[in-house]
Structures are given as C-alpha cells and as structure tokens.
Amino acid sequence: MFNKKECVAMLLAGGQGSRLYALTQTVAKPAVPFGAKYRIIDFPLSNCINSGIDTVGVLTQYQPLVLNEYIGNGQPWDLDRLHGGVHVLSPYEKASGKDWYSGTANAIYQNIPFIERYDPEYVVVLSGDHIYKMDYNKMLDFHKAKNAAATIAVLDVPKEEASRFGIMITDAEDNIIDFEEKPKNPRSTLASMGIYIFDWKKLKKYLIANEEDANASKDFGKNIIPDMREAGEKLVAYRFDGYWKDVGTIESLWEANMDLINPNIPIDLYDPAWKIYSRNPILPPQAIGHNAEIQNSMVTEGCFIDGSVEFSIISEGVTIEEGAVIYDSILMPGAHIKKGAKVEYAIVGEDSVIGENAQIGARPETIVDKDTWGVAVVGNKLNISDGANVPPKAIIYEDM
Amino acid sequence: MFNKKECVAMLLAGGQGSRLYALTQTVAKPAVPFGAKYRIIDFPLSNCINSGIDTVGVLTQYQPLVLNEYIGNGQPWDLDRLHGGVHVLSPYEKASGKDWYSGTANAIYQNIPFIERYDPEYVVVLSGDHIYKMDYNKMLDFHKAKNAAATIAVLDVPKEEASRFGIMITDAEDNIIDFEEKPKNPRSTLASMGIYIFDWKKLKKYLIANEEDANASKDFGKNIIPDMREAGEKLVAYRFDGYWKDVGTIESLWEANMDLINPNIPIDLYDPAWKIYSRNPILPPQAIGHNAEIQNSMVTEGCFIDGSVEFSIISEGVTIEEGAVIYDSILMPGAHIKKGAKVEYAIVGEDSVIGENAQIGARPETIVDKDTWGVAVVGNKLNISDGANVPPKAIIYEDM
Amino acid sequence: MGNVLGLIFANMHDMTVGELTKNRTMGSVLFGGRYRLIDFPLSNMVNSGINAVGVITKDNYQSLLDHLGSAREWDLARKKGGLYILPPFGNAGAALYTGRIEALNGAMSLIKHSLCDYVVMSDCDVITNMDYRPIVDQHIDSGADITVVTHTGQYTNEEIKMSTVLNTDDSGRVQSVLIRPDLSGTCTCSLNAFVMSKDFLIDLINDSIARGRVSFETDVLQAKCGELNIRAFEYDNYFSKITSIGSYFKANMDLLDPANASKLYLPKRAIYTKVSDNAPAKYDLNCRVVNSLIADGCIIEGEVENSVIFRGVRVGKNAKVKNCILMQGTVVADGAECSYLITDKNVNIGSNRILTSSPAYPMYVGKGASL
Amino acid sequence: MGNVLGLIFANMHDMTVGELTKNRTMGSVLFGGRYRLIDFPLSNMVNSGINAVGVITKDNYQSLLDHLGSAREWDLARKKGGLYILPPFGNAGAALYTGRIEALNGAMSLIKHSLCDYVVMSDCDVITNMDYRPIVDQHIDSGADITVVTHTGQYTNEEIKMSTVLNTDDSGRVQSVLIRPDLSGTCTCSLNAFVMSKDFLIDLINDSIARGRVSFETDVLQAKCGELNIRAFEYDNYFSKITSIGSYFKANMDLLDPANASKLYLPKRAIYTKVSDNAPAKYDLNCRVVNSLIADGCIIEGEVENSVIFRGVRVGKNAKVKNCILMQGTVVADGAECSYLITDKNVNIGSNRILTSSPAYPMYVGKGASL
C-alpha cells in the first residue's frame, strides 16, 4: 500500500516463440499450457508473489489477448493490488512517436515510466519461458550483500551441455569477469538462467545510453551486460541449485512436462509453502471410468478418463474414451481422444480431437532410423480423422 | 457469468487529442480530469454499467499508462467481472504481422477476436471524449424495434450550429437517407453524437470489406456508415434530448466544466439512480479555512481552500492559499495556488504551482480586442513563478 | 433477472446430517469432491441472472464465511448487489432465530432496501442445477402468492419423514400440506425453494411476527393454503435431496455415473466453488483407480474404486479404498483398507488399518480423527 | 511486517458513546466527515505492513460488515492473509463474549493458524496515525511479555475514569495498573493497543479461560504486572481518544485546525475508507462556508461555520450551521439554524427550525429523526 516498492519485476514475455509455432499461432508463448493445470507464466508469477514481490510488469506485443484474459487483474496469483500488482505492458504511442519493442532492453526502456511510478531500488528481469521455483528474495539479499550493479542467476550445468548456454566466467568471489555465448570450448560450467537483478538507477542509465546508440541491438545479453562490464560495474553470479528448464522448443517443453512425473527430478508442485498458482478452471473433479488404467501421470479437473494413461500429463477438460491409449504424452486443455486411438510421445493441442483408432507419434524403440524420431505435435483446435496416422516428429497445423 | 453477452461496447479512446496538447502530453485524452473528481472516460463507462452493459473494450494506442492505471481492473465502475468487464486494448503483434491502429474502423477490426469471445448480437461504438448521461439500453431497444443494421444517436442542434457537426438527413420514420459532414448549408439539424449501435454480424462484414480496400481510410464516419448506406442497409437515427458535449478542444472542455455549475444546464451529477463513477482519491474531506469565500463552485476531497473561489471547478488535492482568487477557472488535481495569485478564465494542469501574486488569464470584459481573449492554459507539473503573468489564450508548456 | 433477490438459508436442515454439521452449517457441508452444498443454490442463482443474494446464517458459520470469502468466485463481488452475509446479532433486532420467518425478519432490512420485485428463497439440502427463470416466470403468470418448487415421484418413508408434502389440484394450486408425514410411495414433495413477490413477503413476515408465528411451513404453507394462492412448480431435472447421512452418501455416489454428472455440471451453467490452488492429481506407478471422482491435489499410490476423493487426499502404497467418501486432506496410509467410510477433513487412517462398514450404514469418521 | 497478525476489537468501548452505538459498533461510528472509527486502526495496520487482520465483533455489526465489504479499499482482499471478520457464533465455541479474553478465545482458531510470530491488538477508540513497526521492534528488543502503547500527559478526571492507568519504572516496565481510577492530572494512560508474541498470547488465553478469567485489563495487566514483564511504549504523536460524546465532539472539531489534520492524514500513510461515489461538493450562489470540513456529495446553499459536514449533507438557503457535526444524509432545510448539534445519519431539520445547544453539551439527534 506504500507508493514505493523496493523491488519491481519485469517479465519479458517474449514474442511468438517460433519454435513452438504449432502451439503459439494465437497465443503468446508464456500462455502455453504446462503441467496439466498451469501455463508457463504461472511459474515466474508464483515465484514473484512467493518471494514477496507484488509489482510485476509483463512485457509483450505478440497476441496478448489470451495472456491478458489469463492474467486478468492478477487475482489468482494474489497480484491484484491497489498499488502494484501485475500489469501487461504492450507498446504504445507517445507524444514523440510510436515504436514496437525492438529488443529485450528496448522493451524495458519503453516502460521506464511504469517502473518509475514505484520508485524502486532494484529491478528483477525475468523471462516468460522458464520452469523453476526460485526465491528471488534470497537472490536480492545476495545482490545487496555483494553491493553489485547487476546479479545474474547461474546454474552449474554438465560440461557437455555448457556449449548450449550463455556461460559466465567468475573469480573466486563470484564476480563475473567474462562471458561467452554458446562457446564451443566453455571455460566454465556456470550457465546464465536469464534472471537478472539490477540496481535500478544504474540499469536506467545503461538503457538510455543503449537506446541512443543506433547500432545497438537493444538486447540485455548482447548490449546491457557487456556495456556494464566494459564500464567496470560490479557484476556477480548467483548460484542456483534447484530445477530450472528453458521450454523454448517442442523437445524441451515435452521434457519439462515429463520431469513433473519423474520422481528423480526435484520439482515439487505439492509443497504448500511454495504453491504454483494458476487461474483455476471451473470444472468438476476428474472422473475415472470403469475401464481406466492410469499410472505415473498427472491429471486435473474436468477430465473424463476411460482409457489407458501412462507417463502422461492430462490437462483440464480432456476426454479419453474407452480403449484409447496415451503414453508419454501431453494432452492440452479440452483435447478429446476417441476410442482406440493411440497417442505416444506426442503433444495434442487445445481442443483438438483425435479420431477413433488414429495413431499419433510412436515410441522411439519402434523406430529404426532414430533421426526420424521425435515428439509428434498436433496443433490447437484440429480434427484428426479416424484411423489417421501422425508420424513421430511431425508437426500438424491443419486438420487431417 | 454467461459466456454470451447480448451487447458489447467498444470505446474509441482515441489518440493524443492534439487540440488539448498541453494537457495530454503524457496522458490519453479520455484520462484528462473533468468536473473536479472525474476523468472524461468516467462518463461513457458509467453510462455502460448503468445501462446494464458489463463488457467494454477501450481502444487506445496513445500513452495508455495513466489510462490503464486509472481503469485498472474496472472495480470503481463495477466492471470487474469474471467474464466481461472492462479491458484496455492496445495494438498487438499477430502471427501475420503487426500494425498500429490506422483508423477507428481498423481499431475495431483488429479487435474482432476480443468481440467474438462474447458472441454478441450487438456492438455499441462509443467515443472517449463526450460528456453526457445516456441509457444505451433505450437506444438498443429502439435499434431492435426498428430492426436496423445500424442506429446512430443524434441531437437536434440549433440551426446556426449545425454546420459544425456531421448532419443526418432522415425521413419521417427516422431512417437515415443521407448525411453531410460539416455542411455549409445544413439540410437538417440532427447532429451525429458519435454513438453507434450495430448488428454485429453486419458490422463485421463491413469491417472486413473495408480492411481489404487499400484506399479506404478505415474510419466509421468516412467508410463504414457510407458503405452500409450504399449497400442499402437500414440506418436509423435515435434522437437524444439530454445534455451532450464534445470536449475535444480547450474551449469546449472549459465550457463543459462550467456547465456543471450552471443551474440552467441539465446535467445532474447528484442523481442516485444514474451515478457517475470514478476512481476515488484517498484523501480527507475538503478543508475550508477561516479566510475562504466560495460560491457557485464544485470542490472535491483533499483540497485546502483559504482564498476566494467563484464559478470554478476545484479538483482533488488542490491548495488555494489566503488571498488567492479563482474565477471561472478549472484547477486540476494537485494544483497549488499561492498567496495573492489570481486565476481567471483559465485551466491549471495537474500538480502545477502558481506563484504568489501571479496572474493567470483575464476576464473578457477587461480585454479590448476580443480576438486576443480566450481561456489561458497552464500545462501539467509546471511552476509559474511569483508575479508572472500568463495572458488570456496563452497555452503554457514550460515553467515560467 | 435483475429484479430478483435471492435468499439462501445456510443453516436449515443442519440436523439431517448432524455428524457433518457439528462444526459447520448445512451450506458448508462438503460434497462431490470439491464443492460445499451452498455452491449449488448460489451458482444456480448467479446462473439465473440473480445478482443480489443474501445468505442467512445462524451459528457455526465461520467455515461458511471462509468459503464464500469476497464471493468473487461466484462473480458476486459487486458494488451494486452482490453477496450479503446475514449472521445473527448483526442488527440490534436480529437474535438467534428458531424458525424461517424469524430468520427472514432478521433479513428484513436487506429485503426492504432491495430494488427487486421478486424474492427466490432456497435451502442448501437439494443438489441440482436449477434455472430459476422459468419458475419466476410461472410465478408471475399464474398470479400465485407463493410458488413452491416440487417434485412428484416415489419416495421412501425416510425421505418423506424429512419433507413437506403438498397436495395440488389439476391447476397446480396447493390444496393441503403435510409436514414430515409418516408415509411412503408416490407423492409431491417440496424441494425447499420458493418464489414470492417482495411486497407479499414483507407483509407476510410482518404479519407473522406480529402474531408470533415463526414457521413458514406450519404457519403459512399449511395453515394458509386455503386462504392464499400457493402453487407448485413441478421440477423434473436431475436432483438429489439430503435427508440423512445415507442419502448424503448416495447423492455423492450417484455422481460416479457420468449420465448423472452430465445433468449436474452443465457447461453453460457451471457450479462455482472456492479455488484452492492445488496441484493436479498425481497417479503413481502401481496405482489402480476405477469408477471414481478424484479432485486436484490428490496423490494416489494405492487402489481406489467406486469412491469420491476430495482435494489433497493421499492414498498410500497398497492401500485399498472402496465405496468411500474421503474429504479434504484425508490420509490413508500404506496398506490400509477402507470400505463404506465417510471421512471428514484431515482424517488419518494408519498403516495397514482395516476399516469396513456396510452399504446400509456407511461409517462416518469425524474431522481430524486418527484411526 | 509479514509476521504480524492484527486484531481489532470493534465492539470495545461501545458504552462510552452509547448514543452513537445504538445500532452500530464502536468501530462503525462515523468520524471526521467521511470515516468510521475502525478506518484508523485498520489503515494503521495496513500501512505498517500487516497484511492479515482479524476484526472481532460482538453485536450490532451489520453496518461494520457493510463498511468493510470485501476489504478492497484497505488492500486486504487477499488470497493469503487479508481481512477476517470474527462474529459471535461463527464457531460452536464462540458465543457472545463478556470480556476481551473471551473474545480472543473466539478468535483462537485464526490466531493459531496464522503464520505470524507477533500479534498487534487495537481497539477503535483512539484516532491517530500510528506506525506499529517501532512498537513491535521495541517489544522484541525489550523482551517484554506484553507491550502496552501509552501516552503520558495531562488528563481530565472524565478521561482517566474511562482509562487504564499504568505506573512504570525508569526502564518502562509496568509496576502497577489502575483501572478507571477517579483521578485527574498527569499520568500514563493506555491507548488500548498491545503487542504480544503469538505463543505468549495463546498460552495466556488458554490459561485465563481455564481459570475463568475474562478481563485482560483486570485479570492480566493488573493482576499479573508483578509476575509478567509488561512494558509501556510511550506514544507521542497526535491522537484523540474517545471517552464520551463530549470528547467525540472535540476530536472531530480538532481536525478543523490544519496543524492537527496534517498529523493525522499523512500522504505516505493514508487513512483508507469505503468509497461512496458521491459527486463533488457543490457550493451555491450566496453560500458562506468558513473553517469547516466538507465531504463530497454535499450541496451547500446556506452558511456553515466551524463544522464537520459528512457526505451528502444538504444545507438549504439561509440556513445557518455553526459548531455542528452533521452526519451523512442530514438535511438542514431552508432558514433552519443549528448550533452545537451532532446529527446521526439521515436526520431532517425542518425549515426555519432553530436548534441550539452549548459547547459543554452538544445535542445528539438520532438516526433518521425529523425535527
């Protein structure tokens, strides 16, 4: 209720997510369903409120209608506040002209007036396509203790994976002395998680300077962080050792869903002290029929299941008829799998219907040429006719 | 709570309002303060909820930050609904590309998916810069009874003023048979109020057709209505006989404010059956000092008045020191008028400070050359120094 | 239906399921895996376009207050209208009531100040998806003083003994009223939902209070059915009426049949309830679940059959749950076996415990008990 | 202060202004042109970062419920924490209380389930803008069992007779307690705000209830001040304490002095209240208003001097209002004259009526009266 907020979060909800295209034609990537009853953005939003950060700007310019309706007034995340709360920030026309967001740094630059309303000391910059549970407050304490200009959260990754990430090279005091983007021969295994805490006054200065540089690409990783390092600002790495996954591709989205039902993976959705909030559907409990067999799966409200489900994630309002078989798959809200259909290693989009005895995807062990194998994807609101066959790795955009 | 809404309102909040420039540098026109405790948009929003329309899209692309914060979740207007409510709709990027709103019709065209969520029969199109109290439901009943494709609200204006308006020529049954934009020799005195009700299916058809016409200017008045008439659709005029005023210029904004304290002008803000809602400031009651003289004025919460106030509109949090004189003027929220200053026929913007003994504006009777007289305007957040003189008709953008 | 005020009696019939209402009102009794009984009349009112609802309570209503909260889930967090909770002692005149008329008298200020023309009243003992609009329409068209929602069918003696039975003529006008008669067979029973005009109701309350009459059923429906134009609205959709712990058990189990559930949970007239932010239900390796309703937040490692499982229940490894209603937070530890059990909130069934009852007498285990 | 639970006693001290609490709680007494007394402790708690507050009521609390609504105005419409209203009979154990300890016992479930470490309690009789953070800090640092907020100053006999007086040693520890003593002069009076740790409070309630002790002041502060470490927090900011209708009148009038108002209405710690969507106040031709507080929705055609005028009051042509408190909806018709009058809501003063009282005994006119 105070006019001032110590820390404001800015969530880069990003653009279209072209690598998830079949699922993001009409919704922004953070609004993609995840984990049976969530959408991706539930994770950073829940982390914010659980960390005591009650002021969040969500920066997006791509298909915000679904995201806007989903976030609404923020009440599901306890982010409906008289002062603060969650706000979706789209580009707008100013007296000086109008511009789309031209990069992550530019998006924040354009919303300096929003941030200044809360007069914060610190700004947390988050990404809208990561699945993880993290107390930003601990990171903020670290940032303060280090008296840093910027703190970057890092994850210690296996050496062989390090070349897929932005890698931070640190000294013994966790000061970042150098960094490399997807290096072939990584000098460190500390991967940036795309989570930054900045001293707001300093960040503002670099944002303005970057904006005035016509050649800059207006990006945090490419401009702001290097600029700060060149200017000799104190940059530190904050080591995080929990579960964290970028879900920017079909494969990683599928894997992160499967991680939820893998008892060896440390992401617990049942911890009452760190709930992941979501806009709950208004549906009755899941009904399990006489012929159902369910194991090792997550299922949510409004489903009717009379088939076999194993190692799968079943979202709200899904119907699985008698004799249908779902293995290692993700069914998004409202999907309907008819009698005898088989869905294996696949993602079925929202409200899509899989006809009787259709076959979607395949188990990798049945495929000889492993290069032709991958997760099959049926987009949103599609009809797959009876007996049709969607091969592994296929991405379906139209009825078939 | 039903998924379907019979009628959805789309409010064209418009752009910068360049004729109000000193007051709209950082806020959209509908967010300009009006009538001591309102902003312009309170009038159409209150009309909507009082007419039983609970789903409103506010179309804007200019400086929506203040408007967004002001509208918030719509709670002050009872427009925070689980389904429906008020939504600010900015332009956004689609899979097919990104476009700013290029006209009133294009703004609605770009938000067809928003409207279609509610599956309405009718769409009311409103403007964000009119002051009036109107039951849209009665107009809708008229629209239904006439079985019209489009109904346009009209006001019978004095013949000498008709050439300032879009004029509708009707037959005896109120069918619109022709129209003229600001005609020199008006054939009728029925002026369009910029309030339309459309059959949604038909409007959608014309919006799409207009969008495909590369030469069209994507405007309701210039394209959609003429296109419908040419196609032989039934267009009818709905006569409104209450108070209505367009506040798109400094003069009309000043006049409309003054109308509120003119007992001969029929706009009653004290009618409990048709309240005008607003986001109320959190301030104590107005404090009237020992030296105050107030007559014929409207004052709202959080003011401290120790000077003379006559025929004026005093917004929240204004301070008027001892010996200051305010005549025929509008003081916007937070204005501070110091000792001995004189404000006559003027508008003082938000949080501006008028120094001691300064003179802002002048009474028309004191001016010989009437052409040099007009309302003086001091913009927002300005400092006018002690003893300074802002002549009538001046518009001040910077400290002086 | 902007001109209708809804009134819900949260405490009526508390005694029919005394075990469940020890610490709560009838309206806050848990039902169907995620609901409370008041969700049904309240959602029905909202879905019928009624946007001002008063909830009349007597005692034990803290859980009801917690459940209803700001009424946002029912879209009744409004500036105009919305939800009004009417507890006892709210006004100087509103003491603990003994009959429905006294309760209405405590709500008089709300009724009087309402801009409504008609009042729809409902208790919380009937589980159904009822559209009140045709009932109000019939009330207006028929010129009735009071319209009583009824259902004509076969009833057991137990059911009739907990009901008000109406005899109507061919036009639907009530000729006589029997209260809790010792009968069985085909008859017309009240579903405890009523429509009256606001003015009629106000006069009725004032007149009854002045004469010391407190019971709506006895002193009005029964005593005045000659004098007043009391009419039945025959309701034929799916419903369950709770008249005992046995019928409560059956009403839950009935929803295992998708044919019944599809008549109660209509996509365009949803039943709203408080959101609890549970994670999805998790089915473990080696679990076996058939013919059951499972709510979010459950973790099922054992077997569940023919049961209704509320939010956040844990069923351990090799545990067997058959024909049970397990309310929120119940834990059935590894190897335990339960059948024909109704557990209240947060019950713990220890490892390898075996608890068995019979279809005729499902066993009730009180809130928080450890067995 | 996420680890502090707030508790407000809405009904305490009802008897000190019996006229005003006939149909409402002390907490819902109107004050200062647009507030109710509960707005002050409630806003103070919110502004001190307390985001879970329980309001303990006893009777006459319907107006309090209406005022607080969903608590949105105080930003307490929360999923976690927020506002809890605790009426009597909410739980099977919570009957009408007679003393503060019984009232706390009725709130036991909220206290126990709260994740807080400390509890701040306040009554509604003190009007001030109090930051509880330094008080809680002192409580923790001093190791006190109970911290009592006090003010040392000159008091009249009337004030002291309605207060709890504390004698403290140099370290601030309370040595003895006098309850409503017949004294006057300089002393240290309790401002009826207290801090305790949650665990201490729970033990205290359980122990007191078991021993049949119901009064916090007599049975705890007074009886145990040797045994317990009870400490005073000396509060020096602007405040008014309502101990009678006379002090209520004075507390309102004090706010005509901008120096006082500026100590109560702080820009960074605003006092929140229910929004009522009134139009601005309208001053007509020939009106004359000096040294007064005027709320929105008023239409002033006559004269107003040295008065506090609530929302929606009408003062007619040639009417004269001096030294009055006119509550919401009061109408002073043309030509009427009032001085030293306190009108409750919706009072009508007829044309040309003259009503005059004296500074010592301002006249109170009950709700809805027509004179």
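Order as written gives the chain letters A, B, C and D; numbering starts at 1 within each chain.
In this section, a contact is a pair of C-beta atoms (placed from the backbone, for glycine too) under 8 Å apart; a residue touches a chain by one contact, two chains touch by 3 or more.
From a predicted model like this one, the values you see are computed outputs, not experimental measurements.
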| item | value |
| --- | --- |
| Centroid comparison with chain B (C-alpha atoms), farthest chain | C |
| Chain pair showing more contacts of the two, A-C and A-D | A-C |
| Inter-centroid spacing, chain D versus chain B (mean Cα positions, whole Å) | 41 |
| Intercentroid distance (Cα basis), chain D paired with chain A, Å | 48 |
| In chain C, residues with contacts to at least two other chains | 72, 77, 79, 277 |
| Multi-partner residues of chain A (at least 2 other chains) | 75, 80, 277 |
| Contacting residues of chain C [partner chain A, same complex] | 32-34, 72, 255-256, 258, 261, 264-265, 270-272, 275-277, 279-297, 299, 304, 308-309 |
| Chain D - residues contacting chain A, complex | 2, 46-47, 72-75, 77-80, 268, 272 |
| In the complex with chain D, residue positions of chain A that touch it | 1-3, 52, 75, 78, 80-83, 277 |
| For the chain A and chain C complex, residues of the former touching the latter | 35-37, 75-76, 261, 269-270, 275-278, 280, 282-301, 304, 309, 314 |
| Chain D to chain C touching residues, read off their complex | 22-23, 58-62, 65, 70-72, 77, 79, 85-92, 94, 96, 109, 277 |
